[in-house]
Structure formats: C-alpha cells, structure tokens
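This structure is in structure tokens; I'll ask about it shortly.
The letters A, B, C and D name the chains in turn, as written, and every chain counts its residues from 1.
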Amino acid sequence: MSLANLARLIRRTGRIAEPAPEAPPRPDDEATAALPRALRGSVQVRHVDAGSCNGCEIELAAAFGPVYDAERYGARLVASPRHADAVLVTGVVTRNMAEPLRLTVAATPQPRVVLAVGDCARSCGAFRGAYGVVGAASDVVPVDLSVPGCPPAPADIVAALRRVTGR
Amino acid sequence: MSVAPLVVALVQVTVAVAFAPLVVGVTRQTRARLEGRVGPGVLQPARDLRKLLAKTPLRAAGTSPVTVVAPVVLLTSSLLLAALVPLVAALPLSLVPGDLFVAVSVLLLGTVAIALLGLDAGSAFGGMGSSRHMTISALVEPTVLVSVYALSIPVGSSALALIVAARRDHPASIASPAGVLAVVALVIVVIAETGRLPIDNPSTHLELTMIHEAMELEQSGRDLAWVDLASWLRLSVLLGLVGNLVLPWGVAGSAGFGPVLLGALALAGKLALLAVLLAAAEVAMAKLRLFRVPELLAGSFVLAFLAVTASYLVA
Amino acid sequence: MSTPGSAATQLIALAAGALLVTSVLLVWRRDLSAQVRLLTLQGVSLAVLAATIGLSGPGSARAELLLVALLVLLLRAWLLPWVLGRRLRAGVAAGDAAREDGARLNPTASLVLVALLTTVAYLVSRPISEGVAADGVGISGPAAFAVPVGVAMVLIGFLLLVGRSRAMSQLIGFLVLDNGIATVAFLTAAGVPFAVELGVSSDVLLVVLILAVLSRRIHAQVGSTALDSMTELKG
Amino acid sequence: MNPVAWGLLAQVVLAVCAVASALATRGHVRNVLAGSACAGVAGAGAVTGMSVLAGGTVAVQVTTALPVPPMVLAPDRLGGLLMLLVGAVGVIASVYAIGYVHGASASRTQWAALALFLLGMQLVPAAGDVVAFLLAWELMAAASTVLVLAEHAHRHTVRHAAVWYAVMTHLSFVLILAGFAALSAAGGSTSFAALAGTGTAGAGATVAFVLLTVGFAAKAGLVPLHVWLPRAHPEAPSHASALMSAAMVSLGAYGILLVGVRLMPDAPTWWAVLLIALGAGSAVYGILHAGVATDLKRLLAYSTSENLGLVVAAIGLAMLLRTHHVPGAASAAIVAALLLLVSHAAFKATLFLGAGAVLRATGERDLDRMGGLVHTMPWTAATFGVGSLGAASLPVTGGFVAEWTLLQALIHGVRPADRVVAVVVPLTLGLIALTAGLALVTFVKAFGIAFLARARSAAVLGAREAPWSMRVPMVLGALGVLALGLLPGPVAAAAASAVGAEGARVAGLGGVELTGVGAVLSPAALVGLGAVVALPALVLVLALARQRPATADVLAWGCGGVRTSPRMQYNATSYAEPVMRIFNDALQPSRDVVVTHLAESTYHAERVRFSQRVDDVVEARLFRPLVAAADALAERARRVQNGSINRYLGFSFTALVAVLLVVAG
C-alpha cells in the first residue's frame, strides 16, 4: 500500500475506539483492597494460556484491540514476566502447563497480581475432571482477581484490568 | 574548566531526563492515534517508570555483579551523553570536548554495558539480542564518523557544539548537498542505534525478532527502570542532536538565563516535532529482515561518503 | 559570471547533488517502478542544471541553453520515463517480476562500490574541472566544480549496465550513463549546442524505443527478460 | 660512565645471571631465581629507557669477533621509549612466568631463552648502527623461536607453528639485512646517525625502503605477512606470547618508524600511501578474523595484527600529511601512532596473561567451552575486562585516548584542495571506524562469552583462581591500561619528544593537548563530569537497594521451560554468526551440517552436527601455493645429489676449475 493510500485510510478510519465507559466504582471488597497500590496507573500484563480452547484468547485480543483499547487505562501486554505486574491466566490448567505457570508467577516481581480470566481458569468450566486437567488456576497459584464468563466479554476483562490500574 | 558551560551541561542533563519519558510518550500516543486507538496518554512512560522503581527486582540465580552494575553504567553513559551533546546550548566544555568521537565512545560504553547485561543471565535470548545489537552498532560506526567528518569540514572542528553553532550562524550550509546528505545518513544511524523501525521493533513480543528487548528480558524492577530510562534518554538526546542540526535556531549561544530557557523551549518544540514524525514514519514502515539491515547501513555509509565528496566539490 | 556562494552556484550544487543521489538510489532500489520515478527526478534535476547555467551565462548562450533545458525536461523527465513505465506495466501484466532480483552484485557490495567509483571520478576529473575553472571556458567557471558528479554518473551507469540482469534495468543504466555525459557536457563546454543535444536525445529516444520493443520480443521468445538466461544467439 | 651506559651494562650482567641461574638450579628454585633475574633484565631496560627519554645519551662501541665494524649502542629518545615499553612488559611477563611455567615451559632452555629474548629486545632499540641492530634482531628472533617450541613434545601443532614462525621471522631478517645493505650503500655508512641524512630520491633509497618495510611488516604481523601470528601465539606459553605480542611486534613498528621517520623523513607520497594501505588493510582483515575466532589466544593474535595495522596506518598518515604540508595534523598522527603502540602493549600483555591464567585453570582455549568464569576467577575476570575495554578503545583506557588522537589527526588533516589527501583521509577514516566497531564486537564476545553466563563445559566448572604471583602482574597490567587512559598527558608529551615533534603537551588534570591541531582531551575531567551527572542516580540506587533488596530467582527466564541447559546459551560461534554472515565473502568459512535421521522416519532428526572452520584466506591463497612451489623446486634440486661420491667430487672439481678461471680472468 502506497503512502498516500495509507494516509487516506488513516484519515477515513479516524478513531475506532469506543468512548470510555465510566470508571466502575471500586467495590470495597477485600479482593480489591488487597490489590497493591504500587500498580496504580500502570500494569504490565503477561498472558499465560494454561490450556485454553482459545475462546478467551480471542476476547483478550479484542480487549487489547483498537475497539476496547485496554491500553488507554495503562495496561499493556509484555513479553517477559520479569517486566510484568500481572499474570493473566486463561484456560484450565493442564498437566504440562502447571509447572510453567508456577514458574511464570514465580518469575514475576513483587508486588504482583494473578488474574484468572474465564470460567475454565476460575473453576475448570466444561473441562472439570478431564484426564489431563490439574485444576483451576487457583489450585496451582494464588489468584487475586477473576473474570467470569465462557468466554468473558472484552468489556469485563477491561473492567477487571481497570480495577487494578484504578483508571 | 570554566563554570558556566558546566552549569549549562547540568541543566541539559536535567532537561533531557525530564523530556525523555515525554518523548517516548508522544511517539506511543501518536502511534495509537494513527491506529485508531485512544492511547494511554503521553505521561504513561513516566507512570511505568514510577511503578518499576516501586517494585522488588528479581535476579536470576548465577548472575554476576554485571547484572547489578550494568544498568547503572548504561544510565550514566546516557546522562553523560546528554551533557556532551549540544541540546539546549552550544557551549563546548573546555577540558572535555563535546567532540564527536568522545560522545560516540560514551554511547558505546552504554552499548557494551547492555550487551554484557544480555549475556550475563545465560538465557538464549539475551545472547541473541546482544550479538545482533553489537553487530549493528559495529556497522553503524563508519557512517557516524564519516558523516560528522563531512559536517566538520566546513567548520574545521569536530566539536558538535561548534558544528551546530556554525550551522545556526550560516543557514545556507544546512541546505547544501553535503549538509543534507550527512544529516540523512546520520538520521539512519540514529534510528539504528536507538532500535526503532525498520531496524528493530520496540513493541515486539516475539523473542526471535527482538534486538534491544531481548537483552533486557531478564531485567525487572529498578534494573529495568534504569535500562528503559537510559534508552529513552538515548533516543531523545540523539533526536535532539538531529533537531539541532536541521533546525539550529534557538540553541543558546551564551550561558544567560534567558537564552538557556529559550533553548530549552526550542528543544521541547523540536523533540515534539521529531517524535511525531518518527511515530508517523514507523506506522508506515515494516521491520526489515535482520540481514537486509547491513544493506541499509551500507547505503547510509555511501550517503555519508558522498557528503564528504560533495563538501570537497563546493569547497 | 556567477561567483561562488551566489544563488546560481547554490542551485547548481543542489542540482548536482540531486543527480548524484538519484544515481545512488538507482543502485540501491530494486523496485523497477521506483527506479523509473527516480529517473524522472534525475531528468528534472538535469534540466534545472541546464537552465541555471543558461540563466547565469551570457545572453548569447542563454536562449539556446534554455531551449536545451526545455528539451531535456520533455525528453528525459517525461517521454523516456513514460515509455519505460508503459513497457514495465506491460511486462508486469505479462507476468514479469516488477523487481530486479537476479542482480550479479549483492546490494551491499554494489553500494560500497558506488562510494569507490565516486572517489575515482573525483580523482580523475579534478584536473579537468580545475582546468576548466582556470581558463573559464564560457561561463562554466563556478559551475565546473561539479564535473566529477557527471563522471561519477557515467561510472555508476556502467555499474548498472554490468551488474543488472533485467533488460529494463540495463536500459535504466544506459540512461544514467547518458545523463552523466550530458551533465559533463553542460558543466564543461558551457552546454552543448541545441542541434547536438537534439541529435543525441533523438538517438537516445530511438535506442530506448528499440530496446523496449526488443525486450517485449525477448519476453515473447524466452518468457522472461533476464538477459543472462540467454546464452546463445537465436537466428 | 653515565646512567644509560650503566643501565646497558646492568642488562647484560643480569641476563648472564639469569642464564646461569637457569642452567645451574632446578625445580621451583630455578623458576624463582631465573624469573626474578629476567625481571631484573627487563627492569634495568625500563630504567635505561627512562633515562634516555630524560635526555641521557651514550655511544658504546663493542668490538665483536665477527668480520664487521664494531657494533654501536646509541639509543635515541624513540629507542628509549621502546626500551621503556619492552622493559615494562618484560617485568610483568617475567614475574608472571614464575607462577605460570610448568613442565616443558619451566625447562633450562626455556628460562635461558627468555633471558636472551628480553636482552635482544632491549638491544634492538638501543642499537645505534646497522650491525648492532641486526645482531640484536637475530638474537631476539632465535630466542623467541626457542620459546615458541616450548611444548613441542606434547603437541605436534607446536612444531608446525614453530616452523612457520621460524621461516617468517628469518624471511623478515633477510629482507631487513638486504634493506639495510641497500641503505648503507646509498648513505655510505652503517651508523644511523650518518644514515639519517640519506635522501629519499634514487633507486637505492626506494629499494631499501621497500625491503625494510616488508621485513618489518613481517615482524609486526601485518597482512599478508601475518600468518605466523595466529599459529605461534596459541602454541607458545602465555608469558611468551604476551612478550611477543605486546613487545616484539612493537619493535617491527619501531623499525618502520626508524626508517620512515628518523632515517628517511621526507618520504614521497606513494611510500606513505603504501604504508596506509598496508596498515588499514591489516587492521580490517585482522579484526574480522579476530571477530569470528573461537580460540581465545588466536583471537588475541589476530587483534595484534589489527592494532599494529592501525599503528602503521597512523605512521603512513603522518608521512603523507608531512609531505603534503599539514604539519600540525602530521605531528598529531605520529603521536597517535606511538600512543597506539604503548596502549596496545599494555592491554595486549594484560589480555594474554589473562588468557594464560584461564588456560592454566581450565586447560581450555576454546571460547565455545568456557563461561561463568567470573564466579571462579574474579581477579582474572576483572583484569581481562579492563584489557578488553582497552582493546575496544572505550573510555577511560589508553586505547580510547590513542584512537581519539588518531581521529583528531584525520579530521584536522582535511585539505579539499589536495586531491590525494582529500581522497585518502576519508577512506582511511571509514576503514578505521569499521575496525573500531568490529573490535567492540570482538572483545564483548571474548569477555562476555568467556567470563559471564553459565559454564559451557565441565572443565570450566572446576576452575581455580590464579596464584598471587600471576595475579599481581595481571593487576599491574590492568592498572597500566587505566593509567594510560586517565593520565595520558605525560605519555603523549614523551611520545612527542621521542619523535622530535611538538605534537602534544600536558593539559589540565593529566590530559593531553594536541598543539598541532588545537584539540584538548582530559579523561580525568570526563570521569569527573560522569561522576557529577551520575551522583543523583547512584544515591537513588543505593537508597532503593537498602529499602528493597533484590530477591534472587531460581531460574533464568526460559519461557516457563524447566529444561534450560547451559548448552542453550549463545556461544562464541553463534555470537559471531551475524558478522560471519555479513562478511561471508571476505572470510569464506567452510561449514558442514550432518543430519542423522531416526530409523523410523526421515522426518525426525536423531542428531544434527554442525561444524564450521574459518581458514585464513591469505594463507590458503598466497602461502600454500608458494610452499608447494618451494617443495617442487626442492624435489628437483634433490636429483642433483644421488649420493655417489664421484658426483660430489665432480662438483667440487668443476667448482675448483671455475674458481681458477675466475681468478685467472
């Protein structure tokens, strides 16, 4: 695509992102209270697919995509857990992914939060009791926040992230 | 050495440290807007920095003191670079020339520090990034020296401050073929040194395509904060240098309060402009394959070399 | 006579610089359509050069040189690129690649080679330009400093002719070479007489047309215009 | 008798003592006695050099049994500088040898050879005439050959290396002999003082210059005569390679300085251009091979021919600029050449001693099998690191100041009007810049792969730090590198006075000011500035470190993988792969990849074996044919003698007749 076409496309498209919904009132439950204040305004997220069906991945991609634009609230996906403040777990924890999940959380510097996104990560969902399943994310690593839904709506994921960033 | 230039140098450092996160913020914000996103706002890098300082760093077992020292060395080299390069004012220090070769060596000291940092953890990615980074900075060197050689011919000195001052006083030399070619070559190497597109993708998550990121995969907390701040400083200092070479107006010629303030404001304007341009260009560009990069650098070398020849022709 | 540092000299310097840079970029870029665009740019800067020399010259030469500049603009900046572009689009439509791939020299090497060639040009042509500047033939005193640019363009044109494999890009090399000759002519001999320029240009046009046709025939015969895929003469 | 004469006498006496103690005593006693005696020789040499630099002069005449005029020892300032350099390197190398030598390298002959080698290297710059120079040169060459041969009984590669070295070094001797003969014929004398007047016009001078240049280039390890370096240095014991690479090659450069600057100052342009081409060529070629080398000592050897290349290029630049009337830049260039020489001696000695320590502790020279040595050998790591900084010419080391001076000379040597200068200078600048960049890659690789990360082989895990007798010299060398970088002023001034150029003087805090080009650099001030700007950051770092100490993680991040073995790290070969790929045409490596498939399916590889060799292109293309031709010639020559006594008598008979005829005619 030539530069001119690109410029035209950019001008035509303009802003895709939907107007930001009102910041949800921080529920004063202990889960929210436990969230570290150091992470206000900036949360780097490392995503771990512990054995998902990729439904959550699609929603996650949408959440960080142009429409929902989670990045405007200060959340960003990063490559290394060393850079991350939040480990975002999707999918039921399978045998082969249990150890890597533990290692990833251990490799994330304190203070950190662990998000379990999707019913599978919260409570094994449809895969409960399947032969290759170790359990839910909370059975392997301490989980601070969880997002229900199979798959969860991007808006819910964004809302959860906003609870951490407080923006 | 006389005090006034030293004070100005320190002012430059503070200004650079203040601007560096904003410059990165502006590039990210511009990119976000061009992609139809809202973007986190220009203050986001500063927030990231504050948060990183508040975290407890993790260091892999079996790492050497290099892991602790290298980030600080890198930061120091970037700060020193900000003191040596004419950003706010073009006042050469008496004993430490803002000489090109000195500036480049200080820059390379930081490069070596981060390259060793990448090797130290003993992970595969670090070595990969380190090797690529060093190769590129090795190939960049001829272009840097030859292009500034071309710029120094009309001035008769390789001190960057004098070059900028001369261009400010004789604007005709900015549009001369030699000047244009040299600056274009310099821009290419600045992009290579600061790891921007098309040479390196600063926002990649794919380890195998990383150059700069791969070396800091192991860093966390304040270590990462130093590395990030240092590379942001590099970007803004080198952009500032390019800005002062292309639009040398507003650069303070004396150490008074007024001129320096004006210089700082002018610098802010140039940096903002260049950051927006950089982001816009990056949106339109794809990353070059690693082994096409030498081609680009060879091209920049030819441009620098032609600049030298051209400066002879008009001389 | 225009003095060094005057507007005319600046303009000549810029035009010469543009000529040199376009030649380098012609070596650098592989995309043929981009090469054609660069060729247009080169033609324009050549015309600018001729016009500047004409304007800064004595009245007698002025009119003729302006005419030559116009001719250059028409031919080298419009007609030839148009022919080439047309041929290129036809070739692409017929399934030719729009890039110069099978080049014999790898790009990095050829770029470094360009730097060396420029040096050589500078070395050999410095005496010429000094000599011209000394006895100031016509108005070319201050203009003569740019002679090496023309020589360099000739050498780079040859490099393209040698190093490229596609008929199209060899054609481009030939045109760069011719532009170089024209540049040298303008700078040293205070521009060539109108008639000569007309003759030369028409020759060039003829050559280009013939080669364009030929390359189409070749394409029809061999199915590609990679010249080094043809090793024997067909009768 | 003045101090210089005393110094020369002391060297000879101490050398005799060293040889005697080497022959008389045995075991550890021999090492200590002979080692300290050698250190004494070198120390005396250094003191002599200093007193010569301080202005002392002497002319000692020594009559020899040879049918030649008596040899004269009359060092000038330049010679004094070289004596100081050689002496300083000799001291640390000798002390190091006490702790380092073992087995074959601790034998009588080795110690005796070391003493004679040191003496020879001292006498070369002290020589005041051709005879003395050649005798000292031959002593140096022979002794060093013996040193290279040290471990010939254990590794057959040693013998190959020694043969190459012997041939090259004597080739250079012959060329130098012929060159000096031609020069004396042209100048009509054998003493340097008299020869200094020799004009550069005439065939005699040209022949002399070419022969001497080639001869000294062979000793200085310039391409294409460098082939002995990468063979001899890895095989020689490390203290010997340190001496050869830091001191002996410098004498090759001294020879070129002697010819080009002292004896025949006003050189024609093409001499200068020849030197620049020779130097810049070897610089790039040497550093390219160093960049892709995996044998640590081979890497250092190639970097030697790179650095000497830079020195010779600087000398050529100085000659060119002087001939083309740019005196200021010319004197800066000559100062740069000497600074490069001195700083190279410092960091190369340090690096070779460090490599020797690693070799002694692990038995490894192969970088691909090292790693993590910083944990087991911190002292060696620190000193080697400083040496690498110097070799990469980064602040604040001697290499940095030297390269800065050279670039100042280049940038102020611009003369757009002068065609030759206008073309040569930017080309040289580009080549030197490329060299500097590649040197950076090379030494980041050398240090990072050898000392950082995790051990790549079992042998490295068991490494133990070198004993004090080896540590102290290494530390001294490292301190030398830093001192040259921090306070270069005095050295630069001494260098300027050594070549009689008003090129440099001390400015500010031990900084250097190039009076010719009006450029000032005070590394101390640079460090001060750095400290000032870094202070807030450091305070913050320390505060945070106290507030939140780091926690050590178990694993390096391997994408959550648990099976990250040290073999997954980058090694020296893979680190240099991009360089190798970019300069493939120049290096022409031979690779082969062997894939063994599983029996069940050819889609699964059981093992993939990758091997890569980089042969020296010059050696393969230039020397192998020469050697082959020589062999063929020898084969033909052998036919002349078939062992029959009659034929030999026939030969002598014809010879006799021929002589008679000649005498009669």
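Here is the rule we use: contacts are C-beta pairs under 8 Å (C-beta built on N, C-alpha and C of every residue); 3 or more make two chains touch, one makes a residue touch a chain.
Owing to the predicted nature of the structure, the values given are computational and were not obtained by experimental measurement.
Central chain assignment: B. Criterion: smallest distance from chain C-alpha mean to the mean of all protein C-alpha atoms.
Comparing chain pairs A-D and B-C, the larger number of C-beta contacts belongs to B-C. Chain centres here are Cα means. That of chain A falls 59 Å from that of chain D. Centroid to centroid, with C-alpha atoms defining each point, chain B and chain C lie 37 Å apart. For the pair chain C and chain D, the distance between mean C-alpha positions equals 49 Å. Centre-to-centre separation of chain A and chain B, using mean CA positions: 34 Å.
In chain C, the residues that reach two or more other chains under the touch definition are 108, 119, 122.
In chain D, the positions touching at least two other chains are 422, 551, 553-555, 557, 559, 582. Contacts with at least two other chains are made by residues 80, 82, 107, 109-110 of chain A. Chains touching one another form the pairs A-B, A-D, B-C, B-D, C-D.
Within the complex formed with chain C, the chain D residues making contact are 419, 422-423, 427, 582, 585. By the touch criterion stated above, chain C contacts chain D in their complex at residues 108-109, 119, 122-123, 126. The touching residues of chain B, counted against chain C in their complex, run 172, 175-178, 180-181, 294-295, 298-299, 301-303, 305-306, 309-310, 312-314.
Interface of chain D with chain B (complex): residues 371-372, 374-375, 392-395, 400, 403-404, 407-408, 410-412, 414, 416-417, 422, 426, 429-434, 436-438, 440-441, 444-445, 447-449, 451-454, 507-509, 511, 519-522, 525-526, 529-530, 532-534, 537-538, 541, 544, 548-559, 564, 566, 568-570, 574-579, 581-582.
Within the complex formed with chain B, the chain A residues making contact are 3, 6, 10, 13-17, 20, 38-42, 44, 66, 69, 71-74, 76-80, 82-83, 85, 107-111.
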